[in-house]
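Order of writing sets the labels: A, B and C. Residues in every chain begin at 1.
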């Protein structure tokens, strides 16, 4: 530590930009959103405190159905991503060697570097009625006419899982790489079966990676807008679409803000539950 | 005392909370000498060095460098330079830029920088390596570059913070000699801290033995070895057998001690010890003679059985147990051929003169 | 399982096939996008009509290549400006944040650190609407009470930059902090000891040490900003950035021009990604 002249000055100089960012771009806007959601417009420029927009949410089944559907699909997408990503992460961390390993890892990273928009567009070209897969199915005789694979839940789920894959693979790989192979060897040596080794040695070891991966994936999926809109079409019923509709299309900011608060509460709640159940700290799970 | 010492400390102390890291230390270092501070880790030697460099200020007392008090002068303005424990060579610069770093800060012209860097590299025996990156250097070369980076600034004082600690044994032996030679060719005053007594003994003109924030004794390596003034110095510098006992006959500088297991030994002491004082008797393994046949006349004699032979080339030792008591002594095994056939279990005679052991009041 | 544990042949084969299929899944959408940008057809779909670069270069009424499509070229310009601003701003603040968190002990540090991480877990849409509603609130009250009209508080360039900066600066802070944590403080002490002033120490020692992390996070920040959709969608004004323009076009229906733009985006990202990997490798 350098504790000579001007220590305090430099401290405050460093503190200022952070505080400005946090207060002006995070804390005040979030509070503002909360306040906006709790008011009702009486006439131009006149508002009163009201829970109207939350009542609206409760009374209108369309809204809370969308809300629940978004939550459930996000959780499902997270679990599917975890299941699909774990063997891949294991392969990268433990089986692939040397140059091969970095190549595979790089291939995993590519989709991250490509805009989400481009990736989703790729899926549209593959899956739509005149798309590559439909043509292939007709050509091979598996289908008699064009097959529309867009605009259904399975497609949305595929898109969501695809968009999140990397955010699961990376934390898993970095955790698994830290694991000493001899732990697995020791477990076998002591008579455990493959399944027992996975359950008693590998999974507990990988838990921090699993948790941070799941949290990030869940957050991203819940807040996703592009994939449900483009792959799910008009009836995709995703909650972020509702927020967008209220804010931009209907210009009903109060209702949109209320939805924002609800979505944020939901994601905080589930992240908090995940951390509680696994006994991890927020800082560790997010910063890794 | 006509010459101003390069470094003088007067009663300096340093507290960290309730813990007193440095306790009322005073000493002075004459120009051109190699001064070591030797002590176990946690004895306060690093705190002391950091105060000299200016990274912290003493709570009491005064530091004078070339006769000038340096209180309040920040480290970048002090006429002292430091070789750090991990050398702190800047990894983002090549060797030349590392060495010229201080000159650049002094706004020395580029040609002058180049000339002086080349000159100092010549003097440390590594000419023409300016363009090499730091990673390309061997451990010993890094040492020398780190020292050159400081010496090029011609500091009043060069502080060295255990710079040999990270080296392997062979290289450390070699660097001890090189450091001593460098110090002599540059004539700069070195203040060297270490926990390795051999480093301190081999290189230094004066060694201060430090313990619990205090200097136990300051003296030449020979003085510390032959005439330790405290039991800590006797135990820390060199190897020693330590025997617990009691004074049975007090004399002027020489006493007679009865050990716990009942042997009677003649020994010396630096302080006056009264009858019945509990004492620790220190006896160096290398001061003990081994005798197999003749009945030589030593002031102290015991007969013992060889429990174990710890063979380590030139540092080989015997563990010998007194035949009449449980006392075990470590005895250096000279590598002259008459002792090569010693075997475990053999009974031998050990002897030494009273001058070769010393007794201190047991603490 | 790890290679040292014997496994049945069937298991290994299945595993390898799975890994292969996974990468097909990963890369297929990207490959079709690129391939159909070169198809000599009015629609990005099969059958393959032959190779052409029309969708990049041609300038006729029927086939307007991306380099002649004003709206797309303009929005690329807007996106570049936004991304550059976000990257520079984020990196500057991130260096400051990293120094604050790694070098200073103060009360409430832990709380502040958690707050700093918060933007990473707030969904982008919500970050967008909260910034929009806050700034519009200020703009409205300024207009109503003082008759002042501050255009920059309305959706547009500045709001996009600020909204993206809110979470991209956190990412950059994490990267730069991690690098600063590995810095040996002894190097700074050594520089001071050799006579450097505090400013010199920062300029000649600390900053060069942080340089790979700074370059790396600047590149990532640039890309994150360029490709951001959720926050940008809410905050975009009349001159929309590339992602928003593309999104609007996609909803109208796809043309091979979209494939061409996407391919260009992939190439750009690829080059930047390789550059950032190269920088990390070098350190």
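Going forward, a contact is a pair of C-beta atoms (placed from the backbone, for glycine too) under 8 Å apart; a residue touches a chain by one contact, two chains touch by 3 or more.
Remember, predicted model here, so these are calculated numbers, not experimental data.
Centroid distances from chain B, each centroid being the mean of CA atoms, peak for A. When the C-beta pairs in contact are tallied for B-C and for A-C, the bigger tally goes to A-C.
Comparing per-chain C-alpha centres with the mean over every protein C-alpha atom, the closest match is chain C.
With centres taken as mean Cα positions, chain B sits 61 Å from chain A. Centroids built from CA atoms put chain C at 58 Å from chain B.
Chain C has its Cα centroid 16 Å from the Cα centroid of chain A.
Among all residues of chain C, those that touch two or more other chains are 192. Shown for chain B are the residues in touch with two or more other chains, namely 74. Annotation for chain A: residues 4 touch two or more other chains.
The touching residues of chain C, counted against chain A in their complex, run 1-5, 15, 18-19, 22-23, 25-33, 36, 43-47, 92-93, 96-97, 99-100, 103-104, 106, 112-127, 129-135, 137, 144, 162-163, 165-166, 169, 174, 185, 188, 192, 198, 223, 226-227, 229-230, 233-234, 243, 246-247, 250-251, 254, 258-259, 262, 265-266, 269-270, 272-273, 277. Of all residues in chain B, those touching chain C in their complex are 53, 55, 74-77, 80-82, 84-86, 88, 90-93, 101-102, 105-106, 149-150, 153.
Across the complex, chain C is touched by residues 1-2, 4, 6, 11, 13-15, 17-18, 21-22, 25-30, 32-33, 36, 45, 84, 87-88, 91, 94-95, 104, 106-111, 113-119, 121-126, 128, 130-132, 135, 162, 165, 181, 184-185, 188, 194, 197, 215, 219, 222-226, 230, 240, 243-244, 247-248, 253, 256-257, 260, 263-264, 267-268, 271, 282-283, 286-287 of chain A. Chain C makes touch with chain B in their complex at residues 184, 186-187, 189-197, 200, 204-205, 208-209, 211.
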